[in-house]
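Shared chain: chain A. Partners: chain B in the first complex, chain C in the second.
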Partner chain A sequence: MLSLLLLIPFLGAFVLLLSPSNPPPGRMRAIAITTLALQLLWSLRVLLAFDPHQGGMQLQDSLSWVPMIGLDYRLGIDGLSLPLVLMNGALTLVSAVCTRDISQRPRIYFALLLLISGAVNGAFLAENLLLFFLFYELELIPLWLLISIWGGTERAYAATKFLIFTAISGVLILGAFLGLALFTGTVDFSLTPIVSERLSMGSQLVLLVSLLIGFGIKIPLVPFHTWLPDAHTQASSPVSVLLAGVLLKLGTYGLLRFCLGLFPQAWALVAPWLAIWAAVSVLYGSLAAIAQRDMKRMVAYSSVGHMGMILLAAAAATPVSLLGAVFQMVSHGLISALLFLLVGIVYRKTGTRDLEVLRGLLNPERGLPFTGTLMILGVMASAGLPGMAGFISEFLVFRGSIGVFPLATLLCMLGSGLTAVYFLLLVNRAYFGRMAITPPSEDPSADARLDIRLSGVALRETLPALGISLAVVGLGLVPAGLGWLSETTATAMAELPALLLAASHGGLG
Partner chain B sequence: MAHSLPLPIQLVWLIPLYGFSGMVLSLPWASGWIKRNGPRPAAYLNLLLTLVAVLHGSLIIREVLALGPQHLEIPWFQAGDLDLLIGFDLSLTNLAALELVTFMSLLCQVFALGYLDKEWSLARFYALVGFFEGAMAGVVLSSNLFMSYFLLEMLTLSTYLLVGFWYAQPLVVTAARDAFLTKRVGDVLLLMALVALSSWAGSLEFSDLYRWIDTAQLAPLPATLLGLGLIAGPMGKCAQFPMHLWLDEAMEGPNPASILRNSAVVTCGALVLLKLMPLLRLSPVAIDVLLVVGTISALGGALVAIAQVDLKRTFSYGTTSYLGLVFLAIALQKPLLALLLLFAHGLAKALLFMSVGSVIATTNCQDLTELGGLGSRMPATTTAYLVAAAGLTGLFPLGCFWCFGWMVDTFRAGHPMLAGVVLLTNTLTAFNLVRVFRKVFLDKPHPKTRRSPEVNWLMALPMVSLAVLVLLSPLVIERIDPFLAIPSFSTSSTMLVVGSGLVGVLTGCLVQLDAFWSRSLFRPLGMLQDLLAYDFYTERIYKATIVAFVAGLARLTNSVDRVLVNGLVNRIGSASLASAEGLKLGVSGQLQSYVLTLVAAIIMLLASLAWLKG
Partner chain C sequence: MPVIPALLTHAGGRPSVEALEARLLAGQTLLADTPEHVLEVVDVLNSYGVVLDAYSKNLIFQAERQFLNPFPVFRFLDGDLSPAKIWRHLNGDRINFEYAEYCMKAMLWHGTGGLDAYLDSEPFAANCTAIIRHKTGRDPLLALLHPLFPNFLPEAIRAAATTHALGQFWRVMSDLFLDLARAEADGTVRNIAEVVAFIKAGLVNAAANPITYGVQLGGERFWVLPPEAGLTFLVDVAVPYVEAVFLRGMPFLGTVSFNAQAQQISPDQAQFAYGALYADPLPTMGAGIPPSLLMQDMYRHLPERLHALYRQRSRGEGDVRVKICMSFQKSMFCVTNAAIDGTFPHALGTAVPAEQAANRAYARAWAERLAVARTDCLDPFGS
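Presenting the complex of A and B:
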C-alpha cells in the first residue's frame, strides 16, 4: 500500500522524462499535477486505512533487498510520518500548481519535482536506516538542480552552498549509521532503540552527536543555518515552498525518529544542552530576522527560529511536547509555504522584495489588497495568534517543555514574541502607508514612483495561497483531528526511555 | 444534565459566534466580490446579528435568574495530561458584562452607519467590528484561562486591524504597530504565566485554579513571576502604565471603534483580571505592583489628559486613569466595587465618545484649539456631553458618584493615601471635562465650527438613548443594590467626593483658557506642560531604551551572522579553492607517484583502524 506513494511520483517522473516528441510545457505541467494529485489522493487513502490508536508502525511493506549489507526495503507509517506525508503531497501539488509560464526546460523541472516528492515520501516511510539514507540523498541532487537552473542571479553560489552543507549532513548521517553497524558488529539497520547493553554510552554519544549535527544542518539550527537564507532567496518561489514546507521537515523528522528513537538513553543525557541550543537557535533566528530587508530572507530566518522550537520539544520529550513537535512541523510547513507563495506574488508583480522599497501594497485599487490580506493572516499565524495553526503548536511545545526546561522554554517564548516584531514590521512597511515604490537612490523624492498601478492578481494565482490559508485556520480552530492522528505515537515515543530503563532493569518482567 | 437546561442556555456557544459569523458574512462585500448596491448589506447583517446576540443574552439572563448560575463546557482539545475546554460561566456578572458588550456594540454599529456614511470600505469596518464583538463576548463568558487568553489575543489582532483601518495614513501605521506590539508584550507575559499554570495546576478552569491555589506550594520566586505574568496581560489590554502608550495613538482609528475600545474592550481586560484576582494572593509583589500601577495610571492619566489638545486623546487618557482606579479596587480584593466602576465608567465613557464623535463628524476637526461655540448649534451633542461628564465625575448622583463614594469610604480606614488618589483623580477629571466643555461648546465660534448642524438621526439615536441610560443609572444601581450590597457610606465621605468634584469644576471654570493654551512663559510651568503633553516622554524613553536595545541586538546578530558565521563558511570555501589551485601546480603527472601515495594512505588507514580495534 505504501509503496504506491513512491511508485506514483517516480512513474510520473519517468513518463515525463521518457515521453517521446516534445510536448508543450502546459501538458507537462498537467501530467505533473495529475501525478501529484493522484499521490495526494493515495495519501488520503492511507489516512483512511490508518489506525491512530496503534503506537507502532503500520501498513508495512517489506521486501528483502540486499541482505548482506542489511539494506531491506521496509516501509511503515505511524502518527509521526503520516501528517508529514500528507503535507508533502499537498505542498508539492501546490508548488507544481504555482509554477506557471516556465520557459526553460519544463520537462526536467517537473520530473525533478516529482522525484523530490517521491524521495521525501520514501524518507518519511523508510523503516531501515540505509533506505532512509538513500532517499535522503536522492532528494538532494534534484533540489540542487532546481536551485541552480531555475534560481535567481546568484544561484550558483547559493546552490553550491546548499549542496556542500547538505552533503556534509548526509556524510555525517551515513557515518553514524555505519558506525552503529561497526560498533555493534551487526548489520542490523532496523529501527530498534539502542540500549546501553548493546552499546556503551560513550559510543552512543559519539553517534548521537554526529546524527545531531547532520540533522541540525538540515533543519537548520544555528550555526549551521547559513545555507538556508541564500538558498531561499535564490530559489524560485515554488521551490522555496518545497524547501521550507517539506524538505526542512526531513531534519526534524530525523531528529525525532533517529536521534530520539534510536538513542533514547543518550538523548536524555544531552537533552539539557539541546534545550539551550534550541533557545539560542530560536532567539538568534528571530533577532536576525528583525534586521533583514529582503522579505524572503526574513521568512527564511523566521524558519530558523520556528524550527528551533521543535528541538526544544524533542529535548523535553514529554507526550505533550512531542505532539507539539508534530504540530509545529505541520504548521510551520503550511505557514512558511503560505508566506513564500505570497512573497512570490509580490515579487512577480513589483519586481522587488526589498522592504525599504515597497510601501502601501494594500492599496485597494492599484495594489495587492487580497495578497495583503492573506499576508496579514500568514504573519499573524506565524506570530502565534490563536485561531491559527501556529498558536496551538507553540502552545503544545511550551506547555510540554516548561516542566522539564523552564528557562529554555521561557526564552523560546520570548523568541516567539519577537516573531510578532519582525513580521509586524514587514506588514507595516510593505503593506501599510501610501503606496509607493522607492528604489534606493540619491534623491528619493525624485525617483520614488507613486503613480504605479500593479497588474491585478488573478484568482487562480491566489487560489493555492487561499487553500493553505484555510488549512492554517482550520488546523488552528480544530486541532483535535491532528491530535487524534499523532497522539498515540507521540506518547509512545515519550515513554520510550522509561520503558527501556524498565526493560533493562527487568522491571517489565 | 445538559439536556434538562432551557434552550437559550444550551445554545450559549452561539453568542460569540454571532459576532464571528457577522465577520464571515461581511466578507463578500469587504473583499469586493459583491459590488452591486454598495456595502450597506454587510452593515445590516452585522446589526441584525448583534441584535440577536443582545436578545439571546437577555433570554439567558432570565433563565439564569430563575435557575441560578450555570456552567457549560465543550471539549476542544485533549492530549496527554492536557485538557483544553471551551467553557462558559453563566453567572450574573458575566452575563451583565455580556449585555454591556453586545449592547455597546449594537449602539456603536448604529452610530457607525451615520459616522462612516461615506466610507469606501464600510463592509470591512463591519467585518472587523463583528470580529471584535465576537471575541469580547467570548472573553466575558469564558470559564477558563485558556479560552480567555485565546480570545484576548484575537482582541489584540482585531484592535490592530481596526486601528489600522485607514492604513494609508502615516500616523495610523505607527499607531497600529504600537497597539499591537504593546499588547503583545503583555500577552506574551500572560502566555508564559498561563503555560506555567497549566503545567503546575493541571486544569485551566478558573474554578479549579481557585481550588488549586488553596493548596499550592510555590517558592516565592516562581509565585512572584507567575503573579506578574498574570497581571501583565490585563495591564496591556487596559492601557495601564507603562503599557498605556497604545490607547491614545489608537485614537487615529475610526471613532465608532474608539467608543468600543474605551468602554467595552478595557472592561474585558479588567474582567479577566477580576477572574484572576483570587490567584494573585500567591504573590504579594504582584499586588503591590498592581497598586503602584493603578495609582500611577490614575493620577498620571488624569494629569496627562489635561495637557492634551486632541479631543479624542484627552479622553482616552481619562480611560487609562479610570481603569487605574479599577486596578486599585482589584488589588484590594473588592471585586463588586471594581465591577460597578467598570459599568459606570463604560456607559459614561461610551456616551462621551459618541458626543465627541458627533463633534468630529460635523466639524471634521478634533483639535481643541480650533473648536468652539458648538453649544448652541448642536444641542443633542451638548446634552450628551454634559450627561456623560456628570456620569463620570463624582459630583452628581449618577453612576461614578456611587463608585467614588464607596471607594473613598472603604479606603479611608486602611489606605488613606488611596482614598486621596481617588479624590484627586475625581478633581482632575472634573477639571478636564469642564475645560474641554468650555473650549468646545462655550467658546466663541471658530472658522471650522461656524456652520455646524446637529448630527443625523443614525448618530443621534444611539447617543440620546445612551444618555437616557446614563441618567437612569442611579435607578439601575438601586435595582441591583441587593446584589452588590453597596455599604451606605458616611456623610463625610459624600462631602469629600462632592467637594473634590466641585473643586475640579470650579477650577475648570476659572482657569484662563487662552493663557492656558499658549505655552507658559514661566519656565517650570512650561516644562511641566510639555512633560504632560508628551505623556511623560514615554514614547521617547521607549525608543531610547527597549526599541533601541532590540534593534541593536538584531543588528548585532545580523552582523555576527554575516561576518562570523557566513564569513567563516565562505573563507573555508575560498581556502579550499585556493589550496586546490596551489596543488594543481604541484602535481608531477607521474602515475607511479600517485599509486605510491594511494598505497601509503591505505596502509595508514588500515593501521590506524587496527590500532583502534586492538
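Presenting the complex of A and C:
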C-alpha cells in the first residue's frame, strides 16, 4: 500500500521525461498536477487505513533488496510520518499549481518536482537506515537543479552553497549509519533502538553528534543555517514552498526518528545542551529576521527560529512536547508555505520584495488587498495567535518543555514573541501607509503624487494560498484530529529511554 | 530583481507657480485640451450632476423638515418612510448623503465669506432667539436643553442655515452640470475651453441669485436667512464652498494618518490643504472615508461612455473609483478655473497698468495655492 506513494510520483516523472512528442507546457503541468492529486488521494487512503491507537510502524511493505549490505526495502508509517506524508502530498501539489508561465524546460521542471515528492515520501516511510539515506540523497540533486536553473540572478551561488551544505549533511548521516554497523559489528540497518544499546556511551555520543550536525544542517539550526536564506531568496516561489514546507522537515524528522529514536540514552545525556542550542537558534533566527529588508529572507530567517522550537521539544522528549514537535512541523510547513506563496505574489506583481521600497499594498483598489489580508493572517498564525495553527503547536511545545528545561523554554518563548515584532514590521512597512513600489526619493511630496498601476491578482492566483490559509485556521480551531493521529506515537517515543533502561536492567517481561 | 516598477508608476507633471499664473492670465485652461479629457470631464460632471440633485434635495429637506430635530434618524429618507425605502436604505442601496453633510460641516467649520459673517451677526442672533422661544414653548426636551446649553440651539440653527445654503448652491450646480452634458451631446461644447466657458457662464448667471432660508414652525414662518441679509449665490456661498471643500477640506482618517501633535496638521486652519484638489486618489478609497462615498455615488450614475473608457484602462472595474476620483479632480480643476476666470478683479484684456497689476496679484495668489495641488492630473497623459 505504501509503495504506491513512491510509485505514483516516480511513474509520473518517467511519463513526463519519456513522453515521445514535445507536449506544450500546459499539458505537462496538467500531468504533474494529476499525478500529485493522485498521490494526495492515495495519502488520504493511507490515512483511512491508519490505526492511530498503534504506536509502532504499520501498513508495512517489505522486500529483501541487497541483503549483503543490509539494504532492505522496508516501508512503514506511524503517527510521526503520516502527517508529514500528507503535507508532502498537499504542498507539492500546491507547488505545481502555483507554477505558471514556465517557458524554460517545463518537462524537466515538473519531472524534478515529482521526483522530489516521491523521494521525500520514501524518506518519511523508510524503515531501513540505508533506504532512508538513499531517498534523503535522491531529493538533493533535483532541488539543486530547481534552484540553479529556475532561480534568481544569484542562483548559481545559492544552489552550490545548498549543495555543499546538504552534501556534507548527507556524508555525516551516512557516516553515522555506517558507524553504527561498524561498532555493533552487524550489517542490520533496520530501524531499532535496541541496536545502540549494545554500544558504549562514548560511541553512542560520537554517532549521535554526527547525526545531529547532519540533520542540524538540513533543519537548519544555527550556525549551520547560512545556506537557507540564500537558497530561499534565489529559489522561485513554488520551490521555496517545497523547501520550507516539506524538505526542511526531513531534518526534524531525522532528529526525532534517528537521533532520539536510535540513541535515546545518549540523547538524554546531551538533551540540556540541545535545549540551549534550540534557544540560541530560536533567538538568533528571530533577531536576524528583524534585521532583514528582503521579505523572503525575513520569512527564511523566521523558519530558522521556528524550526529551533522543534529541537527544544525533541530535547525535552516528553509526550506533550513530542506531540508539539509534530504539530510544529505541520504548522510551520503550512504557515511558511503560505508566506512564501504570498511573498511570491507580491514579487510577481511589483518586481520587488524590498521592505524599504514597498508601502501601502493593502490599498483596496490599486494594491493587493486580498494578498495582504492573507499575509496578515499568515503572520498572525506564525506569531502564534490563538485560533490558528501556530498557537496550538507552540503551546504544546512550551507546555511539554517548560517542566524539563524552564530557562531554554522561556528564551524560546521570547523568540516566539519576537516573531510578532518582525512580522509586524513587515506588515506595517509593506502593507500600510501611502502606496509605493519605488524607492523613496528626496522629495516626499513627489512620491505622494505617484500613480501606481499594479495589475490585479486573479482569484486563481490566490486559490492555493487561500486553501493553505483555511488549513492554518482549521488546524488551529480543530487540532484534535492531528493530535488523535500522532498522540500514541509521540507517547511511545517519549517512553523509549525508560523502556531501554528497563530492558538493560532485565526489567522487560 | 526584475525592474518592473518604472512601468508601474506614473509621475504626472508639476507646473510651477509662474506657469500656472501665466496660463490664468492668458485665459488658457488649466486642464490640457484633449478629446479624452473632454469626455472624462463632461461625463463625470454628468454623473456628479445627478448625485448633486439628490444631495441638494436632501439638504433642503433636512433644513426645512428636520429643523432642530434632536434625533434626526430618518433624515436621509426625504420623508418617504415606506418599508421598501427603509430596507433599501439599510441595505446600502442609496445615495451616500453623509458626503453632503461632510461638505456642509467643512463649510461651517472653515467659515469664510458672507454667509459665515451673517451667522455671527446681531440680526441672526435675534432670529435665533425668536425661533428658539417659539420652539422651546412646544418642545419640552429642547426647553430643558436650551437653558443648560445656551449655545447648542443657535449652533444647530447655524448648521441648518449652512445646510440649506449648500442645498441651494448644489441645486444650481446640478442643473448646470446636466446642462453641460446636454450641450456636449448637442455639439455646442467641444473642447475644454468651452467646458470652462460654459461653467463660467452658468456661475456668472447665477451670481446674484439671492440665498434665503425660512422655516415653518407651527403655522408661523420664521426667517433664518432673510432677503434683507443680502446674501447672494457667488460671493456668499460659492466662494466659501470652493475654499472649504476644494481647497482646505479636513484631514480625515484614512489609510494615511496624521499626527496633529507633531504639527503634521497645520495649527492654522487657513493653511489646510486637504480639499478635493489636493486629495490623493490612491489612499482615499477605504470604506468610510468621505470622498470615497462620493465616488461610490457617482459610480452608480456613471454614463456608459465613460464607464467603457474606464473598463479599458488598468484594472477595469477593479479600480473604477480611483479612476472616477482622478477624472473628478480634472473636472474640479475646470470648475475652479471657471470660478477664477469669473472673479478676476478686472477684465483680462485691460490695458490699465493698475488693473493689470491687480489681475496679476489675483492670479498669483491662486497659482500659489494650486501649485501644490494635484496638478499632475492636468497633463494630456495623466489619466
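One rule holds in what follows: the second predicted complex is superposed on the first by the 494 of 509 C-alpha atoms of A that agree within 3 Å, B and C clash if a C-alpha of one lies under 4 Å from a C-alpha of the other, contacts with A are read in each partner's own complex, and residues count from 1 in each chain.
One rule holds in what follows: a residue touches a chain if its C-beta (ideal position, glycine included) is under 8 Å from a C-beta of that chain, and two chains touch if they have at least 3 such contacts.
As the structure is a prediction and not an experimental result, all values here were calculated from the model.
Contacts of A:50 after superposition on the shared chain: neither chain B nor chain C is touched. Once chain A of one complex is fitted onto chain A of the other, the partner contacts of A:288 are limited to chain B, with no touch recorded for chain C. Look at A:362: by the touch rule set out above, it reaches both chain B and chain C.
After overlaying the two complexes on the shared chain, residue contacts for A:434 are found with chain B and with chain C alike.
With both structures placed on the common chain, the touch criterion links A:385 to chain B but leaves chain C unconnected.
Of the two partners chain B and chain C, more chain A residues are in touch with B. Within the superposed three-chain model, A:416 lies in touch with chain B and out of touch with chain C [touch as defined at top]. When the two complexes are laid over each other on chain A, chain A has residues 360, 362-364, 432-435 in contact with both chain B and chain C. Considering their complex, residues 161, 164, 222-223, 225-226, 284, 287-292, 318-320, 323, 360, 362-364, 369-370, 373, 376, 380, 383, 385-387, 391-392, 395-396, 398-400, 402-403, 406, 409-410, 413-414, 416-418, 420-421, 424-425, 428, 431-435, 479-480, 483, 487, 490-491 of chain A touch chain B. Interface residues of chain C facing chain A in the complex, by the touch rule stated above, are 1-6, 8-12, 14, 255-256, 280-283, 285-287, 314-315, 318-322, 326, 372, 374, 376, 382. Here chain B touches chain A in the complex through residues 31-32, 76-82, 120-121, 149-151, 153-154, 156-157, 161, 164, 167-168, 170, 172-173, 176-177, 180-181, 184-185, 188, 191-192, 195-196, 198-199, 550-551, 553-558, 561, 565-566, 569, 573, going by the rule given at the top.
Residues 152-153, 347, 350-354, 357, 360, 362-366, 432-435, 437-438, 445-446, 448-456 of chain A touch chain C in their complex.
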